[in-house]
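Okay, got some structures for you below.
One chain, chain A, links the two complexes that follow: it is found with chain B in the first and with chain C in the second.
Let's look at the complex of A and B:
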């Protein structure tokens, strides 16, 4: 069975590598976004913005570069995959294979992630290093903690995306809910502006939501704002969110299977 | 013999949102959606023995695809029971679909961007087919479907006929006991249709695969199916061998007569004139009541017949009759 998943991952990898224009477009837009963000921070700091949490400009530059790089790597196609497959009725072809659907979609997205690692992350980091210098981590330990935290982040993001995909089984008329979810994630995850710059109240609420544990946690670890002890605690919270979202998805999926309607044909 | 497929009093209801026209209507149905309950399938029962080729036919929206989806475990019935090879697809979808090959003519399970062979390789891993069995199966399928010509071509570059052959091969790789074909010949040219029908016959004959075929192409039905299950409005309206169905539904035959010159008295006590076009006259008669030869000899005594032909009702007439009356 594992062989099948690996093959799905491999097929996605091959497909992604075949679409060269998509790669150029993605690297191009992300690069522009990266440049704009960094220059914005530069301008803000030049004007004597009040420093938060002793974050300096170098920290924020590193934060921004990595945030955008991560976003190009965290492939969560599952919500769109399900939405379009249901819309076009194509989902039936997944149902008549003796293999769990969501596991296939995960394998597919992991393939997308692997290919992004090669054809998006590398060029982005290379260009960023040329423009702003290499975005070093604050210490070897923070780099070591950053990697597992990223994996946990991806877990949360993917499960959120899968849950949105599940909604598509119920209400086609709502359109692609993924766009709404993506906007919320973008703001509340601190991927554009770290939540440390947000009002106290927003920060408090955000602690009880999964979003800040997707970008801010690993990035904070990387630039050293989050210490080792706090980092481990944050990773614990990430794991709890993963468990919670997984249970939600499993329960939702069980119910969905018995009640849904598949379009057309 | 134990039935491969056993369907009992199957019902599927679903809610359909009523959409009203215009902007106002759109707003109204967005805020206060009105839903009505529709019975897509309304008490269908049938059972299919191993090795049968059954045509499952009915007009658009009769509930054919809904039934197929329930048989494959995609949809859950509102009530009633299904057993495929003794297992309920709702209780254990994965066990059932292992025994099934499914082809939806309007969809493909092949990977669009990759070469055809890649999709087969994936299926080998999903169904955990061992290498030698896989290669044997693929060799047989390649031979019948002539896959070698395009197995290395990306699926998106295949013609519809080639893609369909690819899909059929994909459905048969894991040696299923039952094959569900939902309009497998839709949109294909005569050659491709022929190839696909041959393939279905071959699989049925050599491997004893039970085939359930939904189609609107009555040539498919005529050439392949030994038995027809006709559904309309979610109910089974006819179930039986094709010949008896035609016989039962269309007891009439037609005699078309062309006269040398116009005549006044055209009538015959046992035949009805259903159409007239200049010198051509269409007589309809019941084959139980009189033979064509009798009618011809009666008519030729009083009419100057130039030319004549007898028309046998075909499956199309029979089906039209069913759709009309139910």
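Let's look at the complex of A and C:
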């Protein structure tokens, strides 16, 4: 059974590795975003400001570098895959498969993530280290906690993406709602500006939303702003969100499956 | 003379016909715009909001306070919006080369570049203009921009120049597709560069990048140098005779002509992808 999924993952890994020029440009794009953000922080800290909210420039530089690196690694193609497959009517062939639809797409995205690890994460970290010094974690423990927290983050992001994909089954004529979700996630996950700097009211609301647990939680653990005990608690919340989103997806999928419309089939 | 007038008239009528078709095509599925209609304002309003958060928590960025940053951001965004309405097809040259649509343009007895651009007037791009105009007017209000006749003329020239600089960049990039057959990822690369280069003050970047964006790829003239003049800021080193803002249309036209030359060279080595 697992063999089937591994096959999908492997195929995606190999095809992603084949498109070298695309990867080259994608690394370049992310590098520009990284440089621009770091220089923005440098300007913000310019002229003698040492610490704001207990964070110094080095913390935010590390935060930014890691945030952009993670975003290049967290491949959540499921929303686009479903959207295009429904539009083109190809979704029907995926229904024929003897394994669950969403598990297929997860295996595919995991393959994308593995290839990104090799051809995007490594060059990005290399360039970032050349420009701004190696982005060290604040301690060995924070690095150890960072990795499982990243995996949980990916779980949340992927489930959100899958839920948006589910929407496409119902209202495909509204266009790809994934781009709307992505623009909300970018802001409220703290991937560009950490939520610690946001107004109090926004921070309070954000605690009850899944977004800040996708980027801010692992990154905060990495730079040591989130202590060990809080980190474990935060990972607990991440797990709760995964469970909740998973139940939502399973329930939604059950109702959706029966009323799928095959375009041009 | 007579011949030129009738040729211009012919081009205008073709452009009008293309535009009508483009509107009809885009309005056929109006709900399809819904996701863009939500996403684009979210993206740009949150962008300016995050600048406000940074300035509030920290300090003005290299002497640029929030009103001035808003002015700069809005100016850059409006020229992006206008560009997207008129020149979006320059992003898709590689697609046209691969699927053979470019051959069709070559067969018609008309200027190829004109057909390329006129054949898709992207009214959806107006969605980009709306947050741009709102943010810009808000910035003008905050920064105390004076709406004198002279300033308005200068502003219009700056926008025109900014659109030309953007167009020149994407035409040159698109030309690469004549050789490589693909360049879609170059487009996203250039977009990221333009966005970060025009919406933040250029003076926050190191000198190397400032020189690069002033002389080699002159995107500093899209919004930064004009904003410097309109707001009476320091340009961070660059001294030019005459008004900084008026350099934008001049540079825009020069770049545009250069890109036309590049495009023509590229077309000479065009081979149909054929099928």
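In this section, the second predicted complex is superposed on the first by the 259 of 265 C-alpha atoms of A that agree within 3 Å, B and C clash if a C-alpha of one lies under 4 Å from a C-alpha of the other, contacts with A are read in each partner's own complex, and residues count from 1 in each chain.
The rule we apply is simple: a residue touches a chain if its C-beta (ideal position, glycine included) is under 8 Å from a C-beta of that chain, and two chains touch if they have at least 3 such contacts.
This structure is a prediction, so every number in the text was calculated from the model and none was measured.
S.K.: With everything superposed onto chain A, say whether chain B and chain C fit together or clash.
M.R.: Once both complexes are aligned on chain A, chain B and chain C fit side by side.
S.K.: Check whether A:84 is in contact with chain B, with chain C, with both or with neither, and answer first, second, both or neither.
M.R.: Touch status of A:84: no partner.
S.K.: With the two complexes superposed on chain A, say which partner A:97 touches: chain B (first), chain C (second), both, or neither.
M.R.: Touch partner of A:97: chain B, not chain C.
S.K.: Check the residue A:29 against both partner chains and state whether it touches chain B (first), chain C (second), both, or neither.
M.R.: Second partner only, chain C.
S.K.: Tell me which touches more residues of chain A here: chain C or chain B.
M.R.: Chain A has more residues touched by C than by the other partner.
S.K.: Just to be sure I read the superposition right, which of the two partners does A:127 touch: chain B = first, chain C = second, or both, or neither?
M.R.: neither
S.K.: Minimum CA distance, chain B versus chain C, superposed model, integer angstrom?
M.R.: Between chain B and chain C, the minimum C-alpha distance equals 5 Å.
S.K.: What residues on chain A does chain C touch that chain B touches too?
M.R.: Residues 173, which sit in both footprints.
S.K.: Show which residues of chain A lie in contact with chain B when the two form their complex.
M.R.: 1, 3-4, 6-8, 11, 14-15, 18, 89-90, 92-93, 95-99, 173, 257-262, 265
S.K.: Mind pulling up the chain C residues that touch chain A in the complex?
M.R.: 29, 31-36, 38-39, 42-43, 46, 49-50, 53-55, 57-59, 61-62, 182, 185-186, 188-189, 192-193, 196, 200, 204-206, 209
S.K.: Please name which positions on chain B make contact with chain A in the complex.
M.R.: It comes out as residues 14, 17, 30, 65, 69, 72-76, 90, 93-95, 97-98, 100, 102, 104, 106-109, 111, 113-114, 118, 121-123, 125-128, 182.
S.K.: Tell me, which parts of chain A touch chain C in their complex?
M.R.: Those in contact with chain C are residues 21-22, 24-26, 28-29, 32-33, 35-36, 39-40, 42-47, 49, 52-53, 173-177, 179-180, 182-184, 186-187, 192-193, 197-199.
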